[in-house]
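Structures given as structure tokens follow.
Here come two complexes built around chain A, the first alongside chain B, the second alongside chain C.
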Partner chain A sequence: MAANVSVQNSASERPSLRRAVTPWGSFSWGYSDVGADIFVGLGLVLGAAAGASNVAFLFAGIVYVCIGLAYTELAATYPVAGGGQYFVFRGLGDIFGFIAGWSVLLDFTIDIVLFAWSCVDYLSKLLPVIAFTQHPWTHFFFVFGLIAGLAVLNIVGVRESSAFNELVSGLDIVSETTILFFGFFFAFHPETLVHTMQTAWPTSFQLMNGVSLAIISFVGLESISQAAQETQRPASVIPRTSISLILTILIFALAYSNLALGMQTATPIPHDAHGHVQPLWHYLGNEENNGAAVAVLASLVPYWGILAAFYVPVLGAILLLISSNSGVFGSSRIAYAMSGTQLLPSIFQRVHPRYRTPAISIAFFCGVAVLELIFAALPSLHPAFKALYARLFRGEDGITFLGDLYAFGAAASYSLVFLALIALRFKDPQSPRRFKMPLNIPLTYRGGRVEFPVTAVIGFLGIASILSFVMITHQLGRIAGPTWIVFGVLGYLLYRARKQLPVLRSQPHDWRKAQINILQQAGELDMMDEYLANVKALDERKAKERTVT
Partner chain B sequence: MNAIGPHIAGMAIAFGVLISIALTMYWMLHPPTTVAERAAKVVQRDLEELIGSIIVVFSEEIHSDHMMALAVRLAHRERAVLLAAYVMQVPLTLPIDAEMEIERRQALGTLANAEAIARAADVEISTEIIPARSVSQGVVDLAKRRAAHLIILGAYREGKYSGAPLGREIEQITAMAQCDVLIGVQGRKGRMLTPPTGPQARARA
Partner chain C sequence: MRRLVRSPGYARARLVTGTLFAALGAVVIVRTAAGGAGWSGFSGYVLGLAMIALAVWRFREYFGFVRK
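Presenting the complex of A and B:
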């Protein structure tokens, strides 16, 4: 992965990023982030939504498709590093840009710890000595060691190569397709699926909980947008890679959840702790297996499972580690960009004199990740905390707490992205959009033609409902998530007041100049010409109106 | 161990997953091309066609030995078929298949040189001596017969301006040829098109 970072609205002064990311590179950049989510999400959703896990994934999947379409439109229109944070910053102004960025930063810090945690869970299928349920302290130190290791590697400037990312993503797609093919071909029975859905249908509360956790299987589209500035022909390539990523992840999530509910295993499933027979979905969703559900499911697939039992934990662990690492450099990237636009203090832009990396950003956000790890691991490390958590937070376990926060951060930032998309359709209709979300209503706004995106409204309602599900069903998430936002906003207000910058309003930005620079640097010269023509037409129309009045 | 029994619905879904992932990947890896990329592809295809078959022409008046190195490089890179042809002009007073010992010896020598240059670069070459009433007509007929994409000709600066500074035969070939014609003229101080047997090459040796 490229290590370069950039500041958004000083495009003309910054060194441009090399456009070396190919369509496969762009896809694998996103896939290494989103693709890992199902490894974490499957077990959590099965544990929460039981026989309606496929419905939970379907609901979250529909919302995710809307999110994906919104990101695709925005990333193809504004191919800059920064992703959702930049879109909101541009569409809704400074303070909302900060809130979106701060939510994304929460997600990235959770990304670091959640995927490191799951990475150890997957490895524990081959090395039982690090299993969370049997050896919580060993598990804790392994996760801590991974986070510290990633922080050090990122500070000294060692990153995984794009080629390695592309290879792992390719292997994983082949592997998951093979697992699903063998699973459905030899062991799927629709009667079993119907029976499981009927007998294990959850309560509305559990279903809402499941939906709120299912959305974490789809978080990470951000990565494709962040790589937009380095992608070859972003306006043509990004829509393809984004839509392909959406489809691939959706197919995997729906297929895995239906397979888990409707598969008849070749080998008998072990009895639960009380000696009772347990169905497959319950076995995958219990505390012992929910961190590594895909590996367990793969090992139970007829024929291929014998092989999958050995390589899926390793492949899953590698993918999860890459995803964890994307949280480390993603957080430093976003913080660097936000610092450049005076949404965060300039300390986050400070580069290490020797290693030329944003060392303070990396250390700070890895530190936050460690705090989250401690908070998540405490109940398993000491019985006193277990009792306290049971009293205060309905006894949510560590990985569920991380999942809650992940869902909260994603839902909060995605909600703002939908609003930003709608706002930008009105504020910036001059920017050529090579891809548009479907279902648009043409309107006249301030004398010009704009298109109102109905799909964005549907997506916003969907993600807002998921956000409300998070708030309703997660005791910890409803406190920790908003607390993160409130403290962030307070810090932002103090910082802006101290710097004598507009506190609640936005600073003046020359978006026209910025857009021309963006398109020029993206190599989208046709789009730049179109933009200039649109802007010229707008100016002429305004001049005409002034003359008339 | 439970019995494994495939179900038709499961099999259909399995193939559905496989096909949909394969189609998605295919669609993603073939994004629409830009105008510039399409133009580049056309140029590339034309270039491949252009140099699919190359004829380097020699005659009494056409001195292409200094163009051989260039022709060989072009043929090597594009794996083109290379033909070195010596067109021998037969006077009207003689039958077309008349034995012309001196001219034939000169043609063989020239083609041997051409062959040596090609062999040194590990490029396959064929040679041919063409008797013709008119050199230009002989070259044009040969190019047509061999479906040549490119005729390479060389000319030395003969000094005085005579209305056809590259030689009358070359002028006529360029006027009549259906395929592209590449004419190489050595610059006064040029080094790239130095004839291997010319005075500059001898001086360098």
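Presenting the complex of A and C:
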């Protein structure tokens, strides 16, 4: 997804991004990225965590709130595109910056496939001819066509406008809120919720699996920092819009999972394949519906469901397509940024001579996405592969495999972001922080005052446990995720050695100059003055200490 | 869209939706408690509180707009 990204040539002929995103634009940018996740995550979590799906969402949601607060602090302090990759690069050094960026790139490639796949699933509720379960080949070619189409559009340089993003986000929020109102006022029965939780409580393994999948409903916070780069006065706008975004996404995830467990539907639920009565959560989490669970749930809400059955699949599909496009756009942009800091080869910075877009990056990461699509779709396309996957990987279906990898990439990069936040509090206390994560312990470090962020530690422990759940419960994810990282790191080491750059250590960086530029370009001149004063005070203190010794 | 989100009508809409979220949050908490959900209702209580928090956030934005 791209808000109105327009490139302006400065006096130095270096292209920079125009800061034209308003508070609402900043919110909708984040929403169209993170808000689409529940459309994918709900069915997967219900299928995995059954009667404890709301607990899975709650655990992942608490971790997500910590991640959101961390991104808000970092994006308001360092309003520059690059997101987690940039924060880790700055806080922990080159190699960790590479690992974080490489994990984010994995997520962006999965983002492309997973959301294109889910987009087709939602459309299939109105066009059964493209349904995954009945017509896997048609489904496969539709998803492939969407990825190829997005790649071409991005290479040619056509992107949806910010206004379109804002309109779709606005419509979706109104729609989801309406569904929740009808659901909670007319169909929610806490007794049913308690009964479902007691009778369908999963095993510990299933619950861990559910939690690891629930985190995918909260992925996409990179967009907060992306928006920061293009927002006017980001230090004041980003915290305002981020808190609203974090609460909205948390509410939708918790509300849908509670409704799925405790709602009495307006119309009877069809019996399962064996002719047995099935509960709502089971119906939403089965293979037929898990790709479009929100649309199915919405259609079963009293009164509004009749209307929702028609428009929610379309609205969901549009939002998912925007999110898929954000994967194409985001991967090329992160690769471009990493290439600029010599974390990736310069080929990823090469732009198309005619369209002025990073065509090689776009083609490369869309190619990776197509490989992931093939790997995810194979079991449904041929019985021989189904048997092979059943033997090797417990028969995980395609969309679950994509979910596994998505959760792995997110958990890996978010873990590093928490560590980077803690490191930056110690290494760079001079940068003014207009927003800070709550719960801080004041300390004295190297003669200066710093604040140790307790919430970041809680968030780190949460996301590290989710990463361990991914490794424990996902047969495919535990192989494919670390393989991606290991191959990436090997490539990085070879590249750095060939270029005669420090391999394991970081290159020297002038962070002071970088921070002054960042704040100047963001229009945060009062923050820049404060930063300069802090730096001056630090230098004077150090000079005094040197004189004394 | 930009003109819309800067208008007083939009600010009032935030006030109305904020009030609705506060009401829904209260309903979720009360019904979960009345339904006899003990620890099983924990997720519901958090949901209700999150809705009330969003409502408070929207009220803040509304009053900020009014003050301007």
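Keep this in mind: the second predicted complex is superposed on the first by the 533 of 549 C-alpha atoms of A that agree within 3 Å, B and C clash if a C-alpha of one lies under 4 Å from a C-alpha of the other, contacts with A are read in each partner's own complex, and residues count from 1 in each chain.
Simple rule for what comes next: a residue touches a chain if its C-beta (ideal position, glycine included) is under 8 Å from a C-beta of that chain, and two chains touch if they have at least 3 such contacts.
Source: prediction; values computed, not measured.
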First (chain B), second (chain C), both or neither touched by A:Met197: second
Partner chain(s) touched by A:Pro268 [first = chain B, second = chain C, both, neither]: first
Which of chain B and chain C A:Pro302 touches, first, second, both or neither: first
Partner chain(s) touched by A:Gln278 [first = chain B, second = chain C, both, neither]: neither
Touched partner set for A:Leu247, first chain B, second chain C, both or neither: both
Partner chain in contact with A:Thr133 - chain B first, chain C second, else both or neither: neither
First (chain B), second (chain C), both or neither touched by A:Ala187: first
Partner chain(s) touched by A:Gln342 [first = chain B, second = chain C, both, neither]: neither
Partner chain in contact with A:Arg233 - chain B first, chain C second, else both or neither: first
Set of chain A residues, in rising order, touched by both chain B and chain C: 23-24, 177, 180-181, 184-185, 188-190, 240, 243-244, 247-248, 251, 255, 258
Interfacial residue positions of chain A with respect to chain B in the complex: 23-24, 27, 173, 177, 180-190, 233, 236-237, 240-241, 243-244, 247-248, 251, 255, 258, 264-268, 302, 526
Chain C residues within the chain A interface of the complex: 1-2, 5, 17, 20-21, 24, 27-28, 31-32, 34-37, 40-44, 46-47, 50-51, 53-54, 57-58, 61
Touching residues on chain A, where the partner in the complex is chain C: 22-25, 54-55, 57-58, 61, 163, 166-167, 170, 177, 180-181, 184-185, 188-191, 193-194, 197-198, 240, 243-244, 247-248, 250-251, 254-255, 257-258
Contact set on chain B toward chain A in their complex: 1-2, 4-7, 9-11, 13-15, 17-18, 20-21, 24-25, 27-29, 31-32, 34-35
